[in-house]
Amino acid sequence: MSDLLRPASASDLVEQAASLLAALRAAPPLTHCITNSVVTGFTANVLLAVGTAPAMVDIVGESGVFAGIASGLLVNLGTPTPEQRAASLEAVAGATASGTPWVLDPVAIGALPVRTALAHSLAELRPTAIRGNASEILALAGLSGGGRGVDATDSTDAAIDAARSLAVRFGSVVAVSGPVDLITDGERAFRLDNGHELLTRVTGGGCALGAVMAAFLGAARANGNAPLIAVAAASLVYTIAAERAAEVSTGPGGFAVALLDALAAVQPADISSAARVEAGAL
Amino acid sequence: MSDLLRPASASDLVEQAASLLAALRAAPPLTHCITNSVVTGFTANVLLAVGTAPAMVDIVGESGVFAGIASGLLVNLGTPTPEQRAASLEAVAGATASGTPWVLDPVAIGALPVRTALAHSLAELRPTAIRGNASEILALAGLSGGGRGVDATDSTDAAIDAARSLAVRFGSVVAVSGPVDLITDGERAFRLDNGHELLTRVTGGGCALGAVMAAFLGAARANGNAPLIAVAAASLVYTIAAERAAEVSTGPGGFAVALLDALAAVQPADISSAARVEAGAL
Amino acid sequence: MSDLLRPASASDLVEQAASLLAALRAAPPLTHCITNSVVTGFTANVLLAVGTAPAMVDIVGESGVFAGIASGLLVNLGTPTPEQRAASLEAVAGATASGTPWVLDPVAIGALPVRTALAHSLAELRPTAIRGNASEILALAGLSGGGRGVDATDSTDAAIDAARSLAVRFGSVVAVSGPVDLITDGERAFRLDNGHELLTRVTGGGCALGAVMAAFLGAARANGNAPLIAVAAASLVYTIAAERAAEVSTGPGGFAVALLDALAAVQPADISSAARVEAGAL
């Protein structure tokens, strides 16, 4: 374990995740998403299921205003049309001006030049959080050429240094999604072992998690929790729901449906028994 | 009850809703949708389930031609890209020229400037029907600043005057969606108590209803029913199917699937026993 | 039966379909889709379910590069925005330069002028395969004005001459989808009787098949199978899964979910018992 990655308490995370989920349902944060055309519907349904209010406002002339009203913002680069690219920059400016926390999801950067350039520009604007698979995090840190389309070709552990580097450089919480999820603010880190392989067999399994992080960051801002906790709590709630959904599914179609039901059903009290978290043990 | 809102017969509505559903299935109207990127797939699936033929034609150079061929048109402003804004105006011109009935759904107008301006311009073109939640109807009538993103912050009853005002001004049937649905042509009104809270937990729950209204308006035009009846019949069929879907669902994921199955299964003969309608009793 | 349509062995197809499905799962082809906004999510889920890696890269500046990396490409004209039109031409140039097989799906051409012109331009670039319903194939061959929106108004048999003509002219495998599927390279032909009517009650039922064809063409290129076999194998696997899904469904909502599960569950060994194929018997 690196010196920079000082232990943080797993039980703190579990406790705050439960209170954040309760807070989010008591006062649903308005979650602004600029996301790719493949997963817009699924992402909105995930946000509704978990208990927040989604709004997909991704045009120039509206996204900046709305980012100022919203509780949290997701900028996902999966299908970055010219309109969405301009709207993303406008939204981040609006979020920055009003202090709205925002998440950057640099989908499939590396080999694809337009989104790669945009991801680097957006990172310089200091996202509250950055979420990606290991290949995307390595590519954003300039340490590899990215994965194969949207799939990671690198392991979570291979991206630890890249995650820390991005976190320190941009003041962001960095989440590396994979069979194990790593979440760090550059000093402290959580390692989450919850989740299920079926999440990789449903389009938007990762993208929707980025939106849930934006929602939890909104609730955390209102509630006084650290961004590191908010991002890890979002991952915890999402992956615990995924495990429950997998228990009642026989394939990827049924799993996607069951995931929405499980996200709606999961309760703050369920988290402590289901969480498999290590703190600082990189 | 206002003088303008003279009683209309609830049993007439129930009877004509049944015959319209039968007519629609016997000769599926081609339903042209320009709708937002979040709900395109769900909307098309709702239209297929209820028994009509959907077509999402939303580009410049095609939408005007197609609106002339189609039986009904929906213009939904949920994610109004520049291309969709131009295509909407082209489509409405085509619909107007050929007498194709059309529905305006002014999603989330109020705080968002681009769509708000477009909604006002489109309203001046005299939609056959306008569908929105209470906050959207109030905003379109100039009586409030709109809701919170896509969510209503006002009750259906608070929007009665706005609905009547829009109906009279633009010659439109106005439908205010909510826990109770109000549908009026400015003189007569229906109040529908069918539906289920889970419709608000699925993205596109309201947007798809606008598309079903366009389909029923198409069938009504061929069949000689009044637009007021067509819009109320669409709401009735949709919300009755939602109640049946809720009976077999344990969460929002399963509900969305069950809604499609229920829309395909509901029969004209089912309507009279399930309908909870008041006529003119505002 | 025409002289041009010489018999080909149905048992060869069944055997190679099984080996192609196994090959595709052992080394998932990266499948590049430029497709319409209605079906992007469903198409990606179908590709994930069958065992391939989807990537929806549809912007200018990226689609050409990506078509060179991908194993197969789909160009579907369902909602052809200006950006997608330019990205399609760029992608086809990239695919052509690198030998990536590609599928053209000329959705709803005929009455709609923008996509019709684009479809003719793309056909001249010699797609590896062309997939459409009978009305679309007739319209692309210049033999009719197309169907009614996305619905065919012509039977598969009525499109035999058009299919052969396109195949010979552009060197393409042509697949006519319908209650019976016809697949021909202009000399040999297969006629598949698998499938289910519920595929027409789910949006993207046909569009997603075009994507599966692109995936199988990618696997076939790596494996040494003919494009005719790849396209027919994709249809076979897809329609056999549809039959299994229909057995456990009570409506179109449940069917779409069950189709994904069935696509994930179907095994190479299942094909021979379920296939209903005639070779050359037009």
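To keep things simple, chains are lettered A, B and C as they appear, and every chain counts its residues starting from 1.
Operating definition for what follows: a residue touches a chain if its C-beta (ideal position, glycine included) is under 8 Å from a C-beta of that chain, and two chains touch if they have at least 3 such contacts.
Source: prediction; values computed, not measured.
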For this session: Note whether the interface between subunit A and subunit C is symmetric in residue numbering, meaning over half of all numbers used appear on both sides, and answer same or different.
Result: different
Seminar exercise, completed: Here subunit B maps onto subunit C under a C-alpha rotation whose angle in degrees, rounded to the nearest 5, is 120
Problem set entry | Intercentroid distance (Cα basis), subunit C paired with subunit A, Å | 34
Problem set entry | For subunit C, residues that touch 2 or more chains besides their own | 37, 40-41, 256-257
Seminar exercise, completed: Within the complex, subunit A is touched by subunit C residues 30, 37, 40-41, 44-45, 48-49, 53-59, 61-62, 65-66, 69-70, 83, 256-262, 264-265
Seminar exercise, completed: Per the touch rule above, subunit B residues touching subunit A in the complex are 36-42, 78-82, 108, 111-115, 148-151, 200-204, 250-254, 256-257
